[in-house]
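One structure is given below, encoded as structure tokens.
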Amino acid sequence: MVVGLTLNTSQGAFRKFLPMFDRVLVERLAAETMSKGGIMLPEKAQGKVLQATVVAVGPGSTNQKGKLTPMSVKVGETVLLPEYGGTKVDLEDKEYFLFRDADILGKYVE
Amino acid sequence: MVVGLTLNTSQGAFRKFLPMFDRVLVERLAAETMSKGGIMLPEKAQGKVLQATVVAVGPGSTNQKGKLTPMSVKVGETVLLPEYGGTKVDLEDKEYFLFRDADILGKYVE
Amino acid sequence: MVVGLTLNTSQGAFRKFLPMFDRVLVERLAAETMSKGGIMLPEKAQGKVLQATVVAVGPGSTNQKGKLTPMSVKVGETVLLPEYGGTKVDLEDKEYFLFRDADILGKYVE
Amino acid sequence: MVVGLTLNTSQGAFRKFLPMFDRVLVERLAAETMSKGGIMLPEKAQGKVLQATVVAVGPGSTNQKGKLTPMSVKVGETVLLPEYGGTKVDLEDKEYFLFRDADILGKYVE
Amino acid sequence: MVVGLTLNTSQGAFRKFLPMFDRVLVERLAAETMSKGGIMLPEKAQGKVLQATVVAVGPGSTNQKGKLTPMSVKVGETVLLPEYGGTKVDLEDKEYFLFRDADILGKYVE
Amino acid sequence: MVVGLTLNTSQGAFRKFLPMFDRVLVERLAAETMSKGGIMLPEKAQGKVLQATVVAVGPGSTNQKGKLTPMSVKVGETVLLPEYGGTKVDLEDKEYFLFRDADILGKYVE
Amino acid sequence: MVVGLTLNTSQGAFRKFLPMFDRVLVERLAAETMSKGGIMLPEKAQGKVLQATVVAVGPGSTNQKGKLTPMSVKVGETVLLPEYGGTKVDLEDKEYFLFRDADILGKYVE
């Protein structure tokens, strides 16, 4: 099942962004801006945030037999992204990233 | 189903351009020439428009079993293009781009 | 169905050139030598002609199952060629180009 | 069967990290800090530890037929890692490594 | 059906050369040594001869299903060779070239 | 059938090393340290020993159909290694090498 | 059917070398050391001998279906080798070469 991301267009109407094939749209978690001891971290020391929330998923890709391979992540799940790769996508002035389902390293469940 | 782009030939007759296999012909949306505050943007600051309208789609490609893989976008849909790739095509002095179906990142639905 | 290009041999006899597998033999349309305003264009400004007429088509290639994949263009059709690629072939002092069926970007129908 | 790694979140709650597809999460054994003769080894001489304990395994990847290829290692097993490759993953300030199941060289059994 | 090239061994006996798999042994046509106007051409101006006669063909290669893919050229046919590629083979002090069946661009039929 | 290499752990207990998938663990034969005429060879002149004894074999790899491809060498066999490739593995201070089954060039039988 | 090369071990016993998978062990024919006119050729002018005798053949490789692809050459046959490639193998101080079955260009039959 494809789950899209609802966007507010400037005209007050709504539209949805649907990733295609096996693509997953994620939003990176906010970087930690404070150290454990409560000291403000300069931007450089904040590191690259590899945890992200899945906000939209494509329908999956079809294999050579023509059958749909189901996606392995769901909207709302927290995932671990690889350090490199992914495509930056700006949707309504907010930064998202598209990753192939198979490139996501793992997920966190509660 | 293949859907072509109708072109007006110089002789007043019509002809259609049909993309082949899994190719999609798109027309990029116009770049925003004004900032949100209403100030004219210089061409450099306008950025590359990654949203485009599908104007023609090929029949799809056949997989190793000889079966046609259906296209995932339709004429009229607004799609998100990758930042790189695609083939510029000039049809009747208008600029279009051909992309493989699988290279289109996502689409916007209302 | 393979359709060859009939050639006049120097001895007055005829012979045909048949492209092999999924190859398509095309003849590029003549470059426009005049601007829209009726001014002669120097050769450099004429650009590379990407439209071509199909003059011969191979039988198609066989897939891994041993079945023939039919060709997607026919002799006489006008096609859009990619800017790069193709093999120049001189047949009877005339310049033709061989392209793989899958490398042809699209075709024009009336 | 996927087996995740239980993590203590900072809020006292628990959550699990589940590797995806055929990924294996391992924890390298501690480097030997003493020589056989009982002398402290400087960090450089300690070498790279290639033995690791499996702490979480993904569900396996699906082959072209859509069938799941089972994983060949289990949580708790000691494995031999290749000298290069793998992705460093920091989970709760502890260093782990993700490897594809097929990249693990061998395992030790008792 | 494999068709070999009969060779005269130095001892007056005969032996045949059989290309293997989907290889085709060809003999390039003689370069034109005279211009159309009857003037002797220096060797450099003679160009590379791309037309050749098939002198021996292998049995064809077997596909992944284990079935033999038949060859698409026959001994005696005139073919068009690609400008690059092929393996020079000296058989009885005469120069031949081996090409893969799929690399031959086309053939001439009467 | 997987056959592992029995190792003596430092605590007097035993454990086995099992290569994974289609990997083969070999031990190179000792280099010849004397010439045929009985003269001691300097280390450089001893050459790289390409003969090795198989000490452990993996279970084999599974093909795309999910079926196990059996290994082609057995523990105890003498094999010929390729000059390059293989992964050095130190097990209990002894040097072994892991090779993919398909990379082993041949074997010696009596 | 695998056919190995019988070797005399230094202890007077015999052993055989069996190539693995689709490998073919060949012995190059002796280079011609005299010109046609009966003059001794210096080593440089002798050229690389591309004809060889097959001395041992592997069992063949298995395709993706798990079926053995039979070898296309037999022990005793004279083959034409490609100019590059192959692995030099020294067996009992004699120089042999291993080639993949598919890399052998052709064979000579009487």
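For reference, chains read A, B, C, D, E, F and G in written order, and residue numbers begin at 1 within each chain.
Going forward, contacts are C-beta pairs under 8 Å (C-beta built on N, C-alpha and C of every residue); 3 or more make two chains touch, one makes a residue touch a chain.
The structure displayed is predicted, hence computed values, not measured ones.
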### Query
If you take the chains that touch subunit B and keep only those that also touch subunit D, what is left?
A
### Query
In whole angstrom, what separates the CA-based centres of subunit E and subunit G?
25
### Task
Please compute the C-alpha centroid of subunit D, do the same for subunit G, then give the distance between them in whole Å.
45
### Message
Which positions in subunit D are in touch with at least two other chains?
### Response
64-65
### Chain-level touch network, classified as line, ring, star, complete or other
ring
### Message
Once the touching pairs are worked out, the chains link into a ring; list them from subunit C, going toward subunit E first.
### Response
C, E, G, F, D, A, B
#### Entry: Footprint of subunit A on subunit D - complex, ascending
4, 7, 13-21, 23, 25, 56, 58, 62, 64-66, 87, 89, 98
### Query
What residues on subunit C touch subunit B, complex-wise?
63-65, 67, 69, 72-73, 80, 82-83, 102, 104-110
